[in-house]
Structures are given as C-alpha cells and as structure tokens.
C-alpha cells in the first residue's frame, strides 16, 4: 500500500500524457470520421477509391507502425512534427478510419423514407444529415463507438514508441526498477477507472436517447 | 530484396501462430458475444450486473495484462494452461466483450414491431432471435464487426508477452539482429494483405445482405 | 368463447379505457369501430399478449389468459396496422416461415397453402419479391396472408382494408366469410363502414360502449 | 400548371406505366384512383423527385423538372403512405422543423402555425408526444400537418384518409377545400370513393387512363 | 524547446556535418535512453533518472561544461532516433555488434559483461551442461538471445528441444523462473545481479558464468560526429585512469 502511494505521483504524471492524447484524438477523429463515412457514399469513383484505400491502410497496419511512420518516417523526408503533435496526428487519422466504418454502418441502417421525407420538406443535404439522420445514427452506434473510445484509452500507451512517457511506461519503469508486478496492478486500476467513466458516460447518453424509439 | 527473401521463412512461421489465434478467437468469441449481449437484457439484476462487470473488466484492462493474468497470474494459483491455449482463452473472453457491445447496439435498433410480429406468430424466443432478429442485426453491424476483426488481426501480436512467437515478434527479432527497419516493412505488408482479405470478405457479405432493405 | 372483463389500460396517467367488458362467441365476426386514437389497436394488442393491461381479465373458453405481459401462447392471430413484415424474407418466406418453424408443417405443404392464400388475394405473382418492393396495399395483403397461414382460432385485423381497392377489399371480405364458416372468431378494427356492415355480425363501438 | 408528358417507369423489366400524360391546373384537386399495386405511389414519388423515371417530361409552369433523380427543389409537398415521421422529434417538432430550418420562419410564428393546423386536425393535445406514442390515425394527421406547414404550391397526398374515422376524414376534406381556395394544386391518391367525390374536381383513373 | 528544435531541423545535414561544434556552442547534448533499463538508466520513485550510464554520462559531459538532456526513447527505435538527429548519442548499456557498427560509430569500450545463467539454487544447476533437457528463458532480441543462436555449442545444444522461451521483460522471466515454468534464465550479468538482489530472497538463486564471449559496451554516435566521439573517448580514458570510473562502477555493480 505504502509502495503504491510512493509510485503514484510518477504514474499520474504519465496519466497526463495519456489523457492529453485521448481527448485530442476524440475531438479530432469524430468529425473526420463523419466526413470520411460520408465520402464513402460519394458518387465519384475516385473519392470512394481513395477513402477505401485510406481505411484499408489505417486499419491494415498497426497503429504502432503508423506512429513510427508519422514521427520518424516523415521526419526523414523533412516533415518534422514534435513528438506529442506527431502522436496526436497519427491517432486522429487512425481512429477516424475506424469511426468512419461505424458511422457507415449506422448510415446504412437508416430507412430510405427518412431521406425521402427530408427531401420533400426541402432540407438540404447538410441539414438532412445533421438534423434528421445523425441523431438516429448516434442512437444506434453508441455501443460500438464505446468500443473504440475504450480501445483508445488503452492504445494511448503506444506513444512510448516515439519516446513519450505515458502511464503504462511509468508503470514499466517502476516494475523493472523494483522487480515487482505491483505497478502494473495500479496502472490496471487506473485504466479500469478511466474505462468506467467512459462506460458510465456513454450509458447515460444512451438512456437519454431512449425517450424516443 | 534478397534480404527480405532470407527472413521470409521465419516470418511465415510466425504467421502460422497469428492465424491460429485469429481463427480460434473468431470461432469462440462470436457465439460467446451473442450470449453475453442477450444476457445484458436479462430480467435478473444479478445477471446484468455480472455481465456489465465482465465487460467493464475486459474492455477496461489492456489485453496484454489479461494475457499475463491468464498465463502467469492463474499459473501462480495453480491453474496452468499451455501457452497457446492460454492465449486463445484470453483472446476469446476479451473479444466476446467487445462483440457483445456491438450486438447490443444492433439489437437496440430493432423495431419493436418485429418482436411483436414474431410473438403473435408463435415463434419462441430462440426462433425469434435466430430467424427474425439476428439476420437484421447482422446487416447493421457488419462494419463495426469488421473493425473488431481487423483489430484482432493485429492484436494477435500481443501473444509475445507469454512467450509465443507470432509474425511481429519474428519481425522484431530480425530487425534488432540486423539493425534495420526492413523486416517491419515486410510484416506491415503481410498485415495489410490479411486486412485486405478480411475487408473484401466482409464487403462481399454486406453486398449479399443488400438484396433486401 | 372469448370474454373480456373489467379491462383497464393506462399509458402513464392517461386512461385509454376503463372496465371494458366484451364477449365474443366462437365463429362470430365483430367489428370494432371508433374514432382515431381511442384505443382500438391497444385493445387487440392486449388481447394478443403484446401489451400489458393495468387490471382486468381475459378468458378464452373458460381459461384465463394473463394480461401482465407474461403470455407466450400465440392464441390470437394479429394483422398489424403497420404490417410488420420481416424485411429479410420474400413474400412467400414471410408467409411460410411460421407454419414451417412453429407448426412444423412440411415445406412443400406450407408453400402450397401460401400459394392458395396468395391466389385468393390476387398476389401470386408477387411471391418472390421482398417487402420493400411492394406497394402499400400489397404489404397489407401479405400481412393478412401471413396471419392466415397459421390457422389461428381467433384472428384480429387492424384496419385490414386500408390501402386496398374495391376488388381487394372484396377478396378480404370473402376470406372473412370463409373463416367464419370454419368457426374462427374474428375481430376487425375498421373505419370502412361499408366493409364493416358487409362482413360483421355485430359492431362494438368504442365511442359509446367504453368508459374512460 | 403541372404537365406530365410521356412518362415511363420500369422496375427492372417490369413496366409500371408507359407514356403517361396528365395535366393539372393551378388550384385543381385531382383524385388518383386505381387498384392496389398499379403505380399510384410511384407516380407521385417521381413527381416529388424521389424516384427516377425511365423517360418522359414533367413541366411546372413551363419549366422542366428533371426526372433522373437530380432534383433538389422540394417544389412538391408529399404526404407519404407510411408517414415517415422523424422518430427523434415530438409531434410539434416534426411539424416546425422544416419551416424553421428551411423557410427560416421565426420559431414562435412556426409554433403558432403548427398549433393552428393541429387544432384543425383535432390533435392539439398530442403536440408533445413522440411518433411511437401515436395511434395509426394520429400519425397520419401529423404527416398531413407536417406537409401543410411548408405551404407547398403542389401537394400530393398518398391515402390521406386511411386509418381516419369519419370526423377526421371530414377535417382533412375541409383542409383540402381551404387550400383549394388558396390556389394550391392538390393530387390525392385514395381508395375512399366518398372522399374522392367530396373533394375532387376530377378523377384520374390509373386502371383505364394509363398504358402498361 | 530551443535545442530539440535545432537538432531536428538539422535532420538532412546530420550525415555530413560534425555536430560537435553545435554541442560545444549550445553546451547541451541530447542522449537517448530507454528509461526502463536497470541498472544502466532508469527512474527512481520521484521520476528522476538514475543508473550507471546516467551517472557516467552526466559526469563525463560535466567535465566539458556540457549539460545532458536525457530523451527517453523506445529501444527498438534507437538507431533511427540517432540518425534522424532526434538524439546525439545512445548511451545506455549499448552492446557492440557488427550489425550495429554498420549504423553507428562506437566509442571505446567502457564496460564489459557476459551472459550468465540464473537458476534456482534448489535445482542444483551449476554448469551450462546441467541444463540438459531443461527449459531456458531469455529476453527476446537481447544480446543473450543472439549469443544463444550464434554459439550453439555453448548452451543451445543442451537445452530442451534446442529452443528458448523469449520474454519481453526480465521481470516476467523471473516470475516464470520462480513458478518453475523455466529452469534457467539467460541474462546479462549486470541485470542478473540487479534482479537477483531485488528478489525477496536473493540466497535462493545461483548465477552461473559460462563460455559466452564478453559483450563490450560502448556509446553510440553518428558516424559523422568524429569530434564528439573523440572528446568522449578522451574523457572516458581519463576516468579510467584516475579511478572515477571505478567509483561509479562500485556504486551500481557492487557484487
């Protein structure tokens, strides 16, 4: 117990990094994901083709390699980002691909009648999407979205590869220094806490969406 | 090029492990996920409570820690599994939690009228689920399901933590032995290939489901 | 014999009906009429076990059917106002799915019966279409056919002629007569006065015969 | 004036109608009748730009409206056979959403107008319910109110009286008369002969006046 | 901050230009380390970097009036970090190998260690030959792992199936050793001492030295940074000569 208290400060310092990457990724990847999912329905073959390629690459290669690519790879050809910014950029473009697929699934399950009704009432595409379709899509996708958000909580630990110190790395340091698995336990508890917060927040929003059917 | 040919055999040996974990996990976690998602609608508070706890723990802790727990942790208290079996068990119970949330989202978006119609026609709960509801749920969740399958392709690399040699580990070994990032490139291409196969297979099944709306 | 005794239904504090009493004899055809939103659909949903009632009793041939949502007997066939067809099955599959899986009817026999019903309703050529490919009146007729295929002893129709032209309405009327001949108890919610007069033995008027 | 010339529609190889010609004058009320599944809904969906036609022309006051699915003008108001209400909005929100967002009507004004329409249809007390809480006839009336709130110059009704009792049918009839007085061109698909005779200037019979 | 920006802006030119001039001018050098690497470079409970290499490097550059900026990196990325200019040196228990020498220029060897076998005392394994048909563990891609394959006569020929179980970290390997899942652990002697010392009962373990060649540890520099390398070599030699090296060694490797 005493020991855990001792290592807690260093873990919390790592937590700051974790949360920074987490929130910036959510803020960036949700709108990007929506745009990408709409792009997949584009009438232009080229756009669909590019987007499918993008999603394929993003989902098809480990996020770890993408982080390496954005930081070291682009660095080699002269496009340099600071470590933190590189991490956030890599996370956003990666997560947008996963979210886009989820949004696409939600969009597909919308009955055509909703689009028809919006059209005859004169809504433009933008209004149709944000006023009519999106609220219904959100209701359907909240649980899948939750999966990705929770994956993100944990994926943040990958930033170690470009030299950023997140909470898991802080745990690693303590564990190898003190030759004990206890720090992992504490890191695990902190992850659990974060996941609990995310889960409860999403369940709440699901409940709020349940006043209509 | 020559160098890539040289390391290819060791990578392919790793690939076997990757594919083994992948397929066994799919086979185990889909039915388990369905059962869990149904359990979340159970009228018994205790069952719902247990299931929510299970999902929370599974999503809330890194799969890496779960692997460590199943293999080393349970090992300490005398429950020992061989490495491969431990990996597959950990993957199945982890992925079932994610899939359960996806199924739950799909179930939620089913209109009540479908259940009503099934009930007045005398279908029992089992038939209602498998004949009426599930086919419609599948159609909605294919894209989100695809996200998880593709995550699985890549998560298989975590088996290194319990000493199993998958394709990424084979790449790691080659990379640090020969001080080059080239093996990662090859590993990346193989992952891309697997993802492409999964993506195309799922898009095909989506198309097939699109004859009805 | 179907007896409904002192049935009360509320949505929150909004009482839809109170102490509703109604008896329908075997083979009788009862029309249920009344203005929109008065509770007709709600009544037959309770009867079919799809909605709970707040209090009251439903007796079928002397046996009590619970009204608290715990029923799973499918004793009452129901044609929904909004059809509720299964989108993933074709017309013929929608009709034969329950006979094959619930009644364990032989597939060939079930198909033959379904074809007969579709012929009676002038829908044989639509057998292989999916619900989204049907017009409103065609969906209505598939919904009727699907309920008929289970040969229920009590059959409740919710606006069966909405969306139907004269010819199709006449076909439905003929079906009601045939089933009546077979002793099926039928409850028909309808706004179509002509149709109600044509087919029914008795009219139950929600506006005058029900307390709120 | 609305002119439809040589309009042809096929689903795959199945010709729904061929070389359909129809002219409707401003302020005219036209009933469209014909057996179920003959293509009435299809016609007004093409008119509203929701379906493509295979060939033909639609002219509104001399301007051509494309029939290839590239229209985004909302020149034709439409009341759908299956309502297509927005499930996430209450009755009053369903009605005011388009006036506020598309016509940029002031919120208070839009609500007042919506309340007036709901009063005319006897639905004022349902203003704050969600669509899933409505009966069939109530949904029908919300669908009508939603289309009316946009004051369209051409309004097409698809079975507007299905699910409605006599009183509500009369209310809809009154609305048709009022709009006619305002010069609105109205197309009404209906199986209700009495209603058709009551409201319409002319009847277009799909069964006899259309080629297939 | 100012310095890291500068180093990264110099990316393209690093292979030609000797960065020693910049380092002398700014009085700051960026050194990459894996901060989980006991006892060479790791963090104490307050998050402060400590360890043999940390003390040594700090002391070496202090004599030149240069402060060290320690940049934590992922170990598998170390050469990339160096050659893209993110760091100026790898100084963290960096063993010399032929492959690494193709990528980086090493300083003179400043530390020697060999690969040893750690076993449980109760199993009575006192020579490599005692590992006959026993299960061996090591760290994936470590120097020990390479030596294991490269010199099959030394140990590989004895162990069960001629295979080794690889772990990502030694703490997990120790765990399995204690649980009896492996009978021996092939590990660098510096780590071996550190880990054994930190086990609940260090007396329970045997450390066996065998015939693996000695690993030479050096500092890794970019091949173009000759000035820097010469300066470090000179100071290291001085440290060895006047006993400052011994002082630091005693602090971290006291046996």
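Letters are used for the chains, namely A, B, C, D and E, taken in the order the chains are written, and counting of residues starts over at 1 for each.
Definition applied: contacts are C-beta pairs under 8 Å (C-beta built on N, C-alpha and C of every residue); 3 or more make two chains touch, one makes a residue touch a chain.
These numbers were taken from a predicted model, which means no experiment stands behind them.
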Intersection of contact partners for chain A and chain E: B
Per Cα centroids, the chain farthest from chain A: C
Pair of chains ranked first by number of touching C-beta pairs: A-B
Rounded Å distance between chain B and chain E, as computed from the means of their C-alpha atoms: 37
Centre-of-Cα separation between chain D and chain B, whole angstrom: 49
Distance between chain centroids, defined by C-alpha means - chain A, chain B (Å): 18
Separation of mean Cα positions, chain D and chain A [Å, integer]: 44
Contacts with two or more other chains, residues of chain A listed in rising order: 68, 111, 139, 213
Multi-chain contact sites of chain E, meaning residues that touch two or more partners: 76, 80, 175
Numbers and ranges of chain D residues touching at least 2 other chains: 82
Every chain pair meeting the contact rule: A-B, A-D, A-E, B-C, B-E, C-D
Chain E residues touching chain A - in the complex, by the definition given at the top: 4, 8-9, 11-12, 32, 35-38, 42-47, 71-74, 76-77, 80-81, 84, 86, 169-171, 174-175, 194-195, 198-199
Chain A - residues contacting chain E, complex: 6-7, 9-10, 13, 68, 72, 75-76, 78, 80, 82, 160-163, 165, 169-170, 172-181
Contact set on chain C toward chain B in their complex: 45, 48-50, 72-74, 76-78, 80, 82, 84-89, 97-98, 101-103, 130-132, 146-147, 150
Chain D-facing residues of chain C, complex: 11, 33-38, 40-41, 81-82, 126, 133-138, 140-141, 158-159, 162-169, 191
Interfacial residue positions of chain E with respect to chain B in the complex: 76, 79-80, 97, 99-100, 102-103, 137, 140-141, 145-146, 165-168, 172, 175-176, 179, 181
